[in-house]
Amino acid sequence: MADHIYKKIELVGSSPDGFEEAVKNALARAQKTIRNMRWFEVAETRGYIEKDKIGHWQVTLKIGFTLEE
Amino acid sequence: MADHIYKKIELVGSSPDGFEEAVKNALARAQKTIRNMRWFEVAETRGYIEKDKIGHWQVTLKIGFTLEE
Amino acid sequence: MADHIYKKIELVGSSPDGFEEAVKNALARAQKTIRNMRWFEVAETRGYIEKDKIGHWQVTLKIGFTLEE
Amino acid sequence: MADHIYKKIELVGSSPDGFEEAVKNALARAQKTIRNMRWFEVAETRGYIEKDKIGHWQVTLKIGFTLEE
Amino acid sequence: MADHIYKKIELVGSSPDGFEEAVKNALARAQKTIRNMRWFEVAETRGYIEKDKIGHWQVTLKIGFTLEE
Amino acid sequence: MADHIYKKIELVGSSPDGFEEAVKNALARAQKTIRNMRWFEVAETRGYIEKDKIGHWQVTLKIGFTLEE
Amino acid sequence: MADHIYKKIELVGSSPDGFEEAVKNALARAQKTIRNMRWFEVAETRGYIEKDKIGHWQVTLKIGFTLEE
Amino acid sequence: MADHIYKKIELVGSSPDGFEEAVKNALARAQKTIRNMRWFEVAETRGYIEKDKIGHWQVTLKIGFTLEE
Amino acid sequence: MADHIYKKIELVGSSPDGFEEAVKNALARAQKTIRNMRWFEVAETRGYIEKDKIGHWQVTLKIGFTLEE
Amino acid sequence: MADHIYKKIELVGSSPDGFEEAVKNALARAQKTIRNMRWFEVAETRGYIEKDKIGHWQVTLKIGFTLEE
Amino acid sequence: MADHIYKKIELVGSSPDGFEEAVKNALARAQKTIRNMRWFEVAETRGYIEKDKIGHWQVTLKIGFTLEE
Amino acid sequence: MADHIYKKIELVGSSPDGFEEAVKNALARAQKTIRNMRWFEVAETRGYIEKDKIGHWQVTLKIGFTLEE
């Protein structure tokens, strides 16, 4: 692990169901094209309001994954 | 939408029930006096502790709404 | 001037025509309800993209104005 | 207290007499129109110089107050 | 309360079950050795990914407690 | 729109002609390989000086675009 | 001094009498259990409001002290 | 270029004509006393308002220049 | 005033007597070599501790002054 | 150079041998797939501890490279 | 590992020999009283100058360690 | 020392040989014109890449020195 190189990308996940679901949606999409995801960092949390209620949450994540040799 | 002007205000919502409920409480109070709320941004998350447990969550939000012409 | 009290509010101005026009649009709207505006600070600059071009600029401003006695 | 909603506004207080006086002047002005002020946070401290001395201090505060139901 | 002195420490709580559970786990551990906990502030939220899903959430908290005389 | 996932990338656009042109040049290059660009955020503005004048502006942007399913 | 190791802790001092007194109260409490205090850094200044006046100032400090060998 | 040492200074340029003109005015003044200016970084953008319109823009720059041997 | 160019420098003032005195000492020293000082901004406040008490306050200021034509 | 567009990516390099080696390892991996790397910025420096010593350094870099036309 | 709780403390390490040695000195001192150190984060790097050369480096670290059950 | 006034300037040092050498080069240049340098703070670390390797490191420093009476 001492020589691993990681790449970090920035995704924004959305969900009408809550903060954690927005994170999970981003990861579910990311795993379609990225292998070896290792961690995420929450960079920003916001939401869009429709008719005075939360329409959907929107969470900006940095996702780190191992670059293969 | 290209010429819209928005105003942002800062509210702090509280709830004994969790992070998302604190956000919802702030929006529920805001909609009594503000029309056309469009989005919120989470600026700060904290909580007060009573008898070694979370007494209530407290979330500082910026809320953006459209200013009418 | 030494005893003046100022209030700062946060507005988001938009314009399809550019960065400075977005600022001016925010000020034009603000002066309808605020007297004695004194300064603004640019807090954030962004834009929305339509068909691969800038649809409109969006500039978040803090506007300071003198509170009357 | 667990369900309270607070609003935060941003004021700039001035005083030729010092840092604390600038804070007090802002609060004295704020209480004319705001009820239920609960706390303040110092966001920025600066001053204007006249003839090589401090003409007046200028302190930017965020003031939190309880929104009534 | 006006003369109270508080100490703030920084803990990182983890949980496979979610953001709020990670906060609660940190507080549950802290109360074993700290008395008079008063508030917490969320400083950083991240998570570790196992097999393309969230293995556990990890939340960095600052916890404030009253120092006894 | 509630379930959309966005990716954000960071580009630096340059132009001898001004701040807005540097932004536009970055977007013009980005649209060659990215579809569905939605917004940009200005992260940093700087410029290079040649013979005591602005040789070119250089603007760092974050660009958000929709990830297709 | 070149090989000294310091530890920094975070305290919040309070005082109804002013900003400097809040700092002094924190140091007075800290010296009961810490030896070799060397410096402090003001991290945050706030206050609580009672009946429209400052009830007490509250200053968050980082205090650095030499760790003995 | 690998051994060059640069100094950075901080100037505030003003102009009634716009953001870019304020930058240019600062550089025009700087070149009277500084040689070998290489780059600038925009640190802060603000403006002063007169009669509800922008009286002048005010841009804080850091300017980097090569120190001669 | 619309075309004025200002320079900002960074000084650290010290005083055993308090926060405001440290600011004043910095300005008193600055005025020996700088003309046309206009404002200061407090960037950092700290202090050195001697025998468990504040030995001296130390305040980092940015000072802005008008550059003559 | 005035019209160049750059892209910035974020990598984390690791090395048991030191801070600079972690940077070099990230660049060595990056050059396998990226052409025209121009600069890097150190965003974060940390390390993992094994048996009370530094097991490996871990440095987060932003790497800028020229996008070809 | 999913339920681990970590504590983070802040130390300042010094060394006349360099940046990495200052980090190592802080860890060497910390392991005398802390068990289960897991990682460190570099928060601030500075140095003291004696006779125009670096007298010693001074690095502020946050150190994370596992709290035992 | 309690009444000393310090000035801080910002330099960028470069070196092909490493991070510490870039710092030392900045100090070596600074001592040609500045007396009584006391400390430095690392503000930013970056490097330029040539042929996929580090061409030179570039470190932005703030240097503090005592102003003579």
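Just so it is clear, A, B, C, D, E, F, G, H, I, J, K and L label the chains in written order, and each chain counts residues from 1 on its own.
What we mean here is this: a contact is a pair of C-beta atoms (placed from the backbone, for glycine too) under 8 Å apart; a residue touches a chain by one contact, two chains touch by 3 or more.
Everything numeric in this text was worked out from a predicted model, so none of it was measured.
The chains in contact with chain F and with chain G alike: there are none. The chain with its CA mean position farthest from that of chain G is F. With centres set at the average Cα position, the gap from chain G to chain I is 22 Å. Chain B and chain D have Cα centroids lying 22 Å from one another.
Contacts with at least two other chains are made by residues 9, 19, 48 of chain F. Chain pairs that touch one another are A-B, A-E, A-F, A-J, B-C, B-D, B-E, C-D, C-F, C-H, D-G, D-I, E-G, E-K, F-H, F-J, G-I, G-K, H-I, H-L, I-L, J-K, J-L, K-L.
Every residue of chain I that touches chain L in the complex is listed here, in rising order: 9-16, 25-26, 29-30, 48, 55-56, 60. Those residues of chain A whose C-beta lies close enough to touch chain B in the complex are 18-19, 44-49, 52-54.
The touching residues of chain I, when paired with chain H in their complex, are 1-9, 62, 64, 67.
Residue ranges of chain I in contact with chain D, taken from their complex: 19-20, 23-24, 27-28, 31, 37-42, 63.
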